[in-house]
Amino acid sequence: MAEAAKSASNDYSIPELMTVAMARVLGEREDGKLGGVGAAAVVPMAAARLAALTTAPNLWWFCGGASGLNPTFDRLPKSSADPRAALGSTGKKNMLDVVDMGITGGWDWGFNGGLQIDMYGNINMIGIGTYPQLKVRGPGTVGTIWTGTLRRPYLYTMHHASRVLVEKCDYISGPGYISGGTSRWDKVQNTTDGPQLLFSPMAILDFDPDSKRMRLKSVHPGYSADDVQKNTGFELVMPASVPMTAAPTAEELFVLRRHVDRDGVLKNVRATIG
Amino acid sequence: MAEAAKSASNDYSIPELMTVAMARVLGEREDGKLGGVGAAAVVPMAAARLAALTTAPNLWWFCGGASGLNPTFDRLPKSSADPRAALGSTGKKNMLDVVDMGITGGWDWGFNGGLQIDMYGNINMIGIGTYPQLKVRGPGTVGTIWTGTLRRPYLYTMHHASRVLVEKCDYISGPGYISGGTSRWDKVQNTTDGPQLLFSPMAILDFDPDSKRMRLKSVHPGYSADDVQKNTGFELVMPASVPMTAAPTAEELFVLRRHVDRDGVLKNVRATIG
Amino acid sequence: MAEPRSKVVSLDEAGRMIAQHKVISLAGSHSVNSPMALIRAAIRNGATGLTIIPPVTTAIAADLMIAAGCVDTFYLSYIGFETLGFAPGFRAAVESGKLKVIEGDEPFVLLGTRAAAGGWPFIPVPAGVYDGTDLPRLNPLLKKIKDPHTGADCYAIPALHADCCILHAQECDELGNAQFWGGNNQEPDKAAAAKTVIISTERIVSIDHTRKHVDRVTLPGHKVAAVVHAPYGAHPTASPGVYGADEPHLKIYFDAVRKGETKSYLDRFVAPKTQAEYLDQVGLETLFALQENA
Amino acid sequence: MAEPRSKVVSLDEAGRMIAQHKVISLAGSHSVNSPMALIRAAIRNGATGLTIIPPVTTAIAADLMIAAGCVDTFYLSYIGFETLGFAPGFRAAVESGKLKVIEGDEPFVLLGTRAAAGGWPFIPVPAGVYDGTDLPRLNPLLKKIKDPHTGADCYAIPALHADCCILHAQECDELGNAQFWGGNNQEPDKAAAAKTVIISTERIVSIDHTRKHVDRVTLPGHKVAAVVHAPYGAHPTASPGVYGADEPHLKIYFDAVRKGETKSYLDRFVAPKTQAEYLDQVGLETLFALQENA
C-alpha cells in the first residue's frame, strides 16, 4: 500500500525538500525565537540546523534527546538522541528544563508528529482502537502535549496517508484546534496560537483562519492537489489555486549537503505516500 | 557581660576542644553515614574534616554553602560558603538536592545552632519579642527546620549564656523535643530521633531519655558543673557525677593543625560565656 | 586508619539484588546509555512481576524486560525504536492484554519522579496543560484539584517512587561517585526517587580521579548500594563518549521479537552469565568499530 | 548572513532596566557571587519600593538595598554577615517597622522559586516538615491542604515569581550564555522564575569559547535581556575562581550601617557611576590581593 514518496527531480530527495521548506519558514517566522525538535525527528533537526546557518542566524534551537542548544554538527545524526547531535552546542537543557518550559509556555516554536493527525491539527500518539487493549498500541505521548502550550506548533509527518491524516483522532494526546473554530481556547492556555503548518512528503498545509480546518497551502513538485486529497482521510479546505512548493535552490542544497548532512542521511530517510 | 571562653590549657583553644569533641562523636556514631554542616559553621566544618581524617573514614559529609561533598582542604576557611571549602570534593550537591534530602529524611546527621536554644532542644532563629516588630530580629530560619527531619541532629552554640540557652524559645524554627516527653512525635516525622547532643564552649549536654530535658553530660576542663548551670537559663538535669570532657590528645591536635586548619583559624573563632 | 568501604560487586550479584525488587526505575534516553548489562543480569536472575518506571523515552531497555516476560506494569511516556518502528515486545504485550500500562507522558513521568525525589506527595500543573487531551480520562492518577492560593484548577501528578534504580555510568569509583556523559540528566532524580541505586560502569576509577574531575560527577555515591564493572555495559545502546549504538544488533533484536523468536535472542544474548561472554557473542571487532561512532 | 545580535549594554543602562521592575530576585550565597555592581547601578538609578526574593542565604547584597531604602518587602530565609554579626540594614528596618518580611526559610524560598520556574502553582510538602514550628503561624502563604491521592496533610508553598533576576557570572558571551563557577546552583531556577534576566560578568567571552566549554555553561542565554561587562562585579563578595571576599570592606560597610552612617558609605561606594570609578575607590592593590583568596 504505502509507497516511497518520489521526488520530481533527481536533484533532491523529498526529505531534503521538506527540510528546506521548514528552514525557510523558520527564517521567515522564528528568527530570534526559541524552539526545539523532539527525538525521532531527523528532518526538523536538519531544518533547524540549516535555518541557523542561513535564514535564521538568531534562532535558538534545542535538539531533544542529545539535549544541546544550537549544535553545529555537519554530519546529521539519524536520531536527535545520538550524543553526536549535541556537537558544538552553546548550552544544554536538562529534561526538567524542557518540561518546565513546556508548562510555562517558554517555547516559541516546535515540531511534532503523530500516529494520527486530524483535520483540526490534533495529534494522537496513544493508539487506535478501544482502550486499553488497543488494536494499534501507539508509542506513548511523550511531549506531544506541548502542542497545547508552545506558542506556534508546527506539525510534520513522513507518511502522507489516509490512515495518518484522519478526520478525527481516536485519542488526542497533543491538542490542535480541538473541534475547530475557537474550541481550542476553551481548553488550553490562551496565550498560544495552535498549529501553524503541517509538512508532509506531498504538501505543506495550513489551517483556515475561521474554521481552523486543515487547508492545502502548496503541493510539492511532482504531485497535484488531487493527489494530496486522495491520500488524506478527510476533505481538505482547497484554495482557488494551489501553488507549487518552491524547489530547493542550488545554494540551499549546497549548504545542506556541505554543512548539515555531509553523509547524505536525508537521502535515505523513509517518506511514504498512501 | 559576655566574656571569651577560656581554655584550661595553653595547648588548645576552646573551639579546638569543641572540634575534637565533635569529631570523636562523629567517629563513634556516624561513620558511613551522610550528614552536613550549614554555613557560618566553622567549628562543625572542622570537626567533620577531622573525623573523616581520623575516626570516621567512611563519613559522607556535605559542606553547605560551598556545596562540596567530602572536601579535603587543609586550610580551614572561615566560612563554609567560601568556595575554597569545596576543595578536593568527591561531588557536589545543589541547593535543591539539599532541600530534597531535608524533606525526604535523607540526612543522617547534621549540626545546627540558634539565636535561642531551649531546654527541650528547640531552636529559634526568628527573633525575640513580639512579631512582627521584634525586639531582636533574628537572621531567619534558613535550614533549621531540618532538625525535624534529619535523623540525628546535633546542636551547638559558640555562646554559652542564659540569653541563648533559654527555658522556652520565643519562637520555634527548628523543632527539638517540642515540650518534652513524646510530644515531638505528634508533630514531626516519626522516623527521626530528635537532638542528640549540644556542644557549647563550656560543656557537652544531652537529653534525659524520658523527659527529654537537657542534661549535663561533661564539662570542659577549667569549668565546673556549677559554672555551666549559672550560665544556663533553665535548670539542667544533673547526673550524680559529671565527668570532664577529655582534652584533645597530641595526635588529634597534630592532625587538626597540620591537615585541617594550617592557618590556625580555630584559635581565633569567637566563643563566649555569659 | 580504616579505608572507605568498596561497593564493587559482580554483575551476577547485582542481578540478584535487582531481581529482589518490584518497582525498578532506569534512566538513559532512547538507545543511549541504558543499563543493559544490569537488565540482562536481572532477567537471568529471575526478575518477575516488575513495575517499570522508564526514562521519558526508552527503547530496548524496557522492551527487552517486557519481551522476556518480567514486567506486569509499565509507566509509559514513550517507547519505540525510532527508524525501525514500534517497540515490538511492548506492542505485543499490550495488544494481547498482558501488560498494564499507566498512560503517562513526558511531564507525568518526569515530574512524578521529581516529586518522589523531593519528598513531595505530588506536583500540581495548570489544568490547561492536560485539558483538551484524553490523558486525564485514561490516567486516573491525574487528579484535578484547586490551587489553595488562587482557586485555579490544576492536575496533581503523584510522586513515582521506585524500589531500585539501575543506571549505567561512563566512570564511577568504588564508592559509587558516578559520571554520566551526555544525555539529559534524568539520572539524579531517578536515583533520589529510589530506595536503592545500582550502577554499572565502563570504567572503575580511583577516588583521586573523582576528586580531580569533580565537576563531571553527576551523582554522588552515598545512596549507591552496588557498583559493577561492566565494559560495554550499555551495549547495544550507545555509551556517550565511549561507543555508539549498535544499530545492526538493535535490528536483530527487533526482528527476532517481531517474529515471535524472542527465546532465540534471549538464549544467545541474555543467557551468557558474564559480560565477557556476552561480548564474545557480539564480537570484539563489532564492539571496537562502535567506538568510531561515540 | 546576519550575525547573532549582541545583548551587551552599559552598567548604567542595566541599572535603569532593573530600576523599572518591582520584584527582583538574585542568586549567589552569603558573601559569594552577589551581583553587587548591578545592585549599585539599580540604587543609583532610583530603584524603589522593591520586593526582594534573595537566595537562601544572603548578606550585603540584600542588606545594601535595604539600607539604601529601596526595599518594601523581603522574602526571608537567612540574612547575616557570619562572623561579623546580624545584617545591620535589615535588622534596623525590621525593628523600626519599615520593612515587611515574609517569614520564609530554605525550603520556602527555594521551592517557591522552583515552583515558579516549573510553572507549578505551588509545591506541597508533608505537614511534618513544618508542624512543630511557628512558621505556618507567621507565614500565611504556607497553606495546609490535603494530598488528593492519599488524604495526607501537606503545606502548599506558593510559586515565587520575579519580574527581573540579576546575576553575576564569571564568564558570559554576548548572547547571554553564562558560566557561574562555584556556589550551589540556585541561578538556573532563579532565572527561569523571572520574566527577564540581567547578567554582569567578569569577562565577556566569544561564542566559540562558549561552545568549547559548553559543559561549564550554567545558564543558556535565550532568556537573558542584557549582559554587562563588570570586572570585579561581585566585589566586595567573592567571585569563585577569580577573587575572594573583601572582608575588611564588608566590615567598613557593616560598621557604617550599624552606626547610622549609611549615607557616607553610599556616597563613597555606590555613587561612582562606572565600575572603573568604583574600583578606583576600592583601590587596585586591594583588588589584586583578593585574587590570592579565589
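For clarity, chains are labelled A, B, C and D in written order, and residue numbers in each chain start from 1.
Methods note: a residue touches a chain if its C-beta (ideal position, glycine included) is under 8 Å from a C-beta of that chain, and two chains touch if they have at least 3 such contacts.
Every value quoted in this text rests on a predicted model; they were computed, and no experiment measured them.
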item: Touch-network distance, subunit A to subunit B, counted in steps; value: 2
item: Subunit A and subunit D: spacing of chain centres that average the CA atoms, whole Å; value: 40
item: Length of the line joining the C-alpha centres of subunit C and subunit D, rounded to whole Å; value: 38
item: Centroid spacing, where centroids are CA-atom means, of subunit B and subunit D in whole angstrom; value: 28
item: Sequence positions of subunit A contacting 2 or more other chains; value: 92-93, 96, 99, 103
item: Subunit D, residues touching no fewer than two other chains; value: 111, 118-120, 125-126
item: Graph class of chain-chain contacts, one of line, ring, star, complete, other; value: other
item: Each pair of chains that touches, named by its two labels; value: A-C, A-D, B-C, B-D, C-D
item: Contact set on subunit C toward subunit B in their complex; value: 1-5, 117-120, 173, 175, 177, 188, 192, 207, 210-211, 214, 217, 219-223
item: Complex interface listing, subunit D residues touching subunit C; value: 111, 118-126, 141, 143, 145, 147-150, 152, 154, 156, 158, 215-216
item: Residue ranges of subunit A touching subunit D (in the complex, touch as defined); value: 32, 34, 53-54, 57-58, 60, 68-69, 72, 88-93, 96-97, 99-100, 103-106
item: Contact footprint of subunit A on subunit C as seen in their complex; value: 29-32, 55-57, 76-80, 82-83, 86-87, 90-91, 94-95, 97, 100-101, 103-107, 110-111, 114, 125-126, 128-135, 138, 181-186, 189, 238, 240-241, 244-245, 293-294
item: Residues of subunit B that touch subunit D when the two form their complex; value: 39-40, 65-67, 78-79, 81-84, 86, 92-96, 98-99, 102-103, 125-126, 131-145, 148-149, 171-175, 178, 184, 187-189, 270
